[in-house]
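Given below, in the form of structure tokens, are the structures.
Shared between the two complexes below is subunit A, which pairs with subunit B and subunit C, respectively.
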Partner chain A sequence: MSFDVLFNQFLSGIARGSMLFLVASGLSLTFGVLRVLNFAHGSLYMLGAFLTYSIWKWLLIPVYGFYVATLLSALVIAGIGLLIEYSILRRLYARGWPEQLLATYALILIITDTVKWFWGGEFLSIPRPEPFTKAVFLFGFPFPSYNFFIIILGLVLVFFLWWLVYKTRLGDIIRAAAHDRDMVSALGIPIPWLFTSIFVLGAFIAGLSGAVTAPYGSIALGMDIEIIVECFAVVVIGGMGSLPGTLLGSFIVGQVYSFGIMYKPELALAFIFMVMAIVLIIRPWGIFGRPER
Partner chain B sequence: MKRLAILAVFVFIFTMILAPVMAQAGTPALKADTKTPAPKAAVKADAKDPIRLGAIWDYAGPCYMLSESAVQGIKIAVDEINAKGGIIGRKIDLIVRDTEMKVDVGARETKDLILREKVHFLIGPCSSGVALAVQVVQAESKVLRITCMANTEAQVVDKFTPYVAQVVPNTYMEAIAATRFMNKKYPAAKKFCTIAPDYEFGRREEAAFAEEIKRLVPDSEILYQAWPKPGEKDFTSFITAIMAQKPDAVHSSLFGGDLVAFTKQAAPYGFFEKIPFIALYDLPVFVALGNDAPDGVMAFGRGCFFMDPNPKMMEFVDKYRKARGAYPDSWAVQAYDSVYLLKAAVEKAKSSDTEKVIVAMEGITLDSLRGKFTIRPLDHMGSVPCYQGVIAKDPNYPFKIWKDVVRVPGDQVWRSEEGVREVWKKTGVTR
Partner chain C sequence: MEANTTDKKSSWLKSGWWLILLVAAGLAAPYVISEFYLLILGEALIMSLFALSFNLLFGHMGQLPFGQAAFYGLGGYGIAMLLTKYQMNFWLSFVAGIGLAALAGLIIGIFCVRLRGIYFSILTLAFGQLIFVIIYKWHDFTGGDDGIQGVFPPEFLKTSVSYYYFVLLVFCIAAFILWRITHSPFGYILKAMRENSERTEFLGVPIARYQLIAFVISAAFAGLAGALWAPFYRSVAPSTLIWIKSGEPVMATILGGAGLFFGPVLGTFIITFFHAYILGFTHFWPIIMGTLILIVIFFLPGGVLGFIKEKLDNRKKRGQQS
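This part shows the complex of A and B:
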């Protein structure tokens, strides 16, 4: 294998990893603070993609319509997140895992059926927006510029979340709450308000990632489950609730899948879960996670 | 303890998520509950009782839209027939059921249609995986099913039962015809790659491709085969892996949303300029892709109006557009044909009795929307046409369509009777 071929496969893996990171970071953030595994995160992502399509169609702004639609739909999804947290999840924090799982699983069914009812079962597609329609050349080999857009967006999100969690006062509270929520509450910090805002942020990220996948592939029913399976692999490998863990997990899953496809395509998907199984055996809390007390 | 609990929760999540994926992937193994004594489906019916038609379809995932189209096609046919007084003086009652594209639900709903709704005939489903599960149940209950979308060859060959007839080109026919088309366009191509969804349908199409290309080009070579999971949305790694092999041509059985995603992701690489490519580019894919559909790329399909613009087909297009406000795809066409096949067979048998209808159906010739085809008595495979063409713009339509269309009658590409018997020897079918 020549260098350019391997390099290209590596880049494909990075692109896939960035996409996974976009989705998984929201999932991981929510879990890290709220300790709720939001099963419906993928559904919010799917809803974001469908909404982007409709808003894009309705706006009819020629060149930059997609970016406006992306922002609007992410905001709408954030609003839906607010609704979900306020009306459902808030009541479940004190309950056990099974209730939370059932509630968020129910949300998957509700959102899927809503999408079916509203958009039907058609698969939709948005053309790639300017200026990302063409390819750029690296070592004489083309690489789609939209993939760069996704990679850059992933990097921006990493820095934003890192800044938010490690450099702001809110971040201090978030980390403290993730560590010991009773203690934080005892210090007079309104935990319900904190939880709502984190969940809304997670939903916003889900909507945003759904929106940017819209021009990438196709928008269709089932994309929620498709992504959430791999996102779980990402967060299990990296460590639930850890930002660097999610980044590393996305990178690993992206690369394992990409090179798996090259060398043993039949087993590419299995490789991901083998890595996950190995991590679970050696470090059940993930590479950057911390053991449950 | 807590660690164990978390592990248990993960196991739960993965089984829940993966269950439907697995459901499509393999051949179903039905549990003992199908061993219940075969019910007599059609209770001795009064000659004036309606004929009960069960539509069993997969309203989920990639099958959702296809199922909607098919049921619409069935409804148009049923309404037409009922308006003209029904079949042998009996109206048709249509009962629609959803399998959720899961094999267990498919088996359960089929059983329910047969036992409770007492249907005489079945049409459906979409997924080949679900179809094989449905087949186990309806064959045991001795209820006839017309399969017009799920096209795995296993339904009529490997797991033959007299209670199934197929009016969609099966995986073998479709791939043989597409391979010949590609070979004719690019006779010098010797090195190939394939990319197909990793389940029953994709596996069978690519196996038939490998078989046929070896016959046509004996020194040909398959360099690499990619198997994305059904519903894959990111094909970048597959595309770079294929391009790294520098093949002369790529055969694919991607379809629907997966093909839309593949096409959009492959275009920036210059994939379609560099490598001849064929896949299941049909109407819904063109509607979704709009101008992103690549001109000049080869396509195969199962028969919609731009593949076979005969007067009967165009008349159906008008009816369908009136009912739904959209152009009908090939799924609606085949479902419509299925109802008329049943009508022809019941009229010939002068009865809705399953065994008599099957006898009447064997060798019957139907003047369908896709021209005439005949049901082969041996395996109940219809000699339905396979279509190939090249993607092109047309000012008359708001989406791209085909040009240079080739129509291959089914009897030129289907497995010969000897070939079918050979497979039967291996799978233990006696007939």
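This part shows the complex of A and C:
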């Protein structure tokens, strides 16, 4: 195996990992603060992709319409997130987590059916936006330049979340709330407001990641389940609710997937779960996770 | 968790007359209801068994597995593949299907019992999905998304009535065994772990081992439900082991009431018959189901059976006071 093939595969893995980070970071952020595992995160992601398609078609802006549609659709998904948090999840914080899990499971059913209702079961696609339409050649291998857009977006999100969590006052509150919610509340910080804003941010990220996946050419029912299970692998490997963990987990899963597909395409996903099993034997709560109380 | 109502045995639950009545109704059903509803009833019984296998871990042990469909599907695939690909004897295949599910439960359980709470749920989900992916992608061996057709029961079980009686018999035996398990010293240890696993450990109970045993039993019963399902439906498909399917026993159990042994059965019956009824009007069943789940979570925290029991207990209390 020559170096250029390996490098190409590595770069594909980075792109895949970046995509996974886009989706999993929202999931992890929500879990870290709210302690609610949002099963419907993948459904919001799927809804984001479908919405982007419709907005893009409706806008008819020739070149950069995709970017406008992406932003608009992410904002709409954030609005839906607000609705979900305010009308459903807020009433369940005092209850056990099984009910919260079941409620987000119910949301999957509702959102999936709604998507089927509005868009039907067909495959939809958006052409890759300028200036990422062509492939670039690295060591003689074609590499989709759109992958670079995904990698850059992933990096931007990493820096944004790092800045938000470690450099702002909201970040201090987020970290404190993840550690001891009651203490934060006792210090006079309105927890309901914090939870709402984090959930909305998580939904925005879900919508955004769904939107940017649209030009990969696979807007279809079932895309939510496909990615969310890999995201679970990411957060389990990295540690639930930890941002560095999510980053590392995304990197690992992306690479394992990319090299796994080269070795045996049918088993690429199985390799991911094998890695997950190995991590869990050594650290049951993930690489950066904390043992549950 | 509201699950601790199991321990308070009311005389209403203790007196077995309603159970005898239900079994009698089950035996009489083929003479009373149409063939369509008999099929629905059979499906409800199989799904009830699936939900009971889930509730052994959830209601009785306090852990929520979200990968139960994998064991259910493995039971179905086990019997279907041995029957159609290797022309094995029906009963041997049936037992092998259950064995396959139990074996998978053992391997997956070793990893999963190390975790608690939501982490346990995610891990069971991930492993369940792994099994789904393997079966879905391994087209040459498992038929991939085509599934396996032509899974026939033996000649004397081929009519819908005879297979219904077979399902009823297996359900009654399995439910009885599960009931005995939950009311045995082993079952009480599970309950103790649910209430306080740390303290149970201090009492010298090797909790990981007990959880693993419970996990394997649960997987075996889920496999049994799947092995019943495949010949009932004459085929299996990967959709029987996808994680959305794992949500079905969860919602049936919470709808019926996790704290009561027969709660999952009631929940499954409500969902199955409601489903059959709704499909007469619309294909958008999931949207209705999702809304129903939210309504139950908000307005019936103990499930339907928990709600009824609470009302009955209140009435009795009032009767004693006056």
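Simple rule for what comes next: the second predicted complex is superposed on the first by the 292 of 293 C-alpha atoms of A that agree within 3 Å, B and C clash if a C-alpha of one lies under 4 Å from a C-alpha of the other, contacts with A are read in each partner's own complex, and residues count from 1 in each chain.
One rule holds in what follows: a contact is a pair of C-beta atoms (placed from the backbone, for glycine too) under 8 Å apart; a residue touches a chain by one contact, two chains touch by 3 or more.
Just so we're clear, the structure is a prediction, and the values are computed from it rather than from any experiment.
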Subunit A as common anchor, with subunit B and subunit C clashing or fitting: clash
Contacts of A:I88 with subunit B and subunit C, given as first, second, both or neither: second
Touching partner for A:I151 - first (subunit B), second (subunit C), both, neither: neither
Partner chain in contact with A:L75 - subunit B first, subunit C second, else both or neither: neither
Which of subunit B and subunit C A:A103 touches, first, second, both or neither: second
Touched partner set for A:E266, first subunit B, second subunit C, both or neither: both
Partner chain(s) touched by A:V236 [first = subunit B, second = subunit C, both, neither]: both
Touching partner for A:I189 - first (subunit B), second (subunit C), both, neither: neither
Contacts of A:I225 with subunit B and subunit C, given as first, second, both or neither: both
Touching partner for A:I287 - first (subunit B), second (subunit C), both, neither: neither
Subunit B or subunit C, by number of subunit A residues touched: B
Of the stretches 59-67, 77-85 or 131-139 belonging to subunit B, the one that collides with subunit C: 131-139
Footprint overlap on subunit A, comparing subunit B with subunit C: 37, 97, 101, 105, 116, 225, 229, 232, 236, 266, 269, 280, 284-285, 292
Residue ranges of subunit A touching subunit C (in the complex, touch as defined): 35, 37, 88, 91-92, 95-99, 101-103, 105-110, 112-114, 116-117, 225, 229, 232-233, 235-236, 240, 266-267, 269-270, 273, 276-277, 280-281, 284-285, 292
In the complex with subunit B, residue positions of subunit A that touch it: 1, 5, 8-9, 11-13, 15-16, 19, 37, 39, 97, 101, 105, 116, 120-125, 127-128, 133-135, 142-147, 213, 215-223, 225-229, 232, 236, 257-258, 261-262, 265-266, 268-269, 280, 284-285, 291-293
List of subunit C residues in touch with subunit A within their complex: 1, 58, 64, 66, 111, 114-119, 121-123, 125-127, 129-130, 133-134, 137-138, 242-244, 247, 250-251, 254, 284-287, 289-291, 293-294, 297-298, 301
Parts of subunit B lying in touch with subunit A, wherever the complex brings them together: 2-3, 5-7, 9-10, 12-14, 16-18, 20-21, 59-65, 67-68, 198, 224-227, 229, 231-241, 243-244, 256-258, 260-261, 264-265, 268-270, 284, 287-292
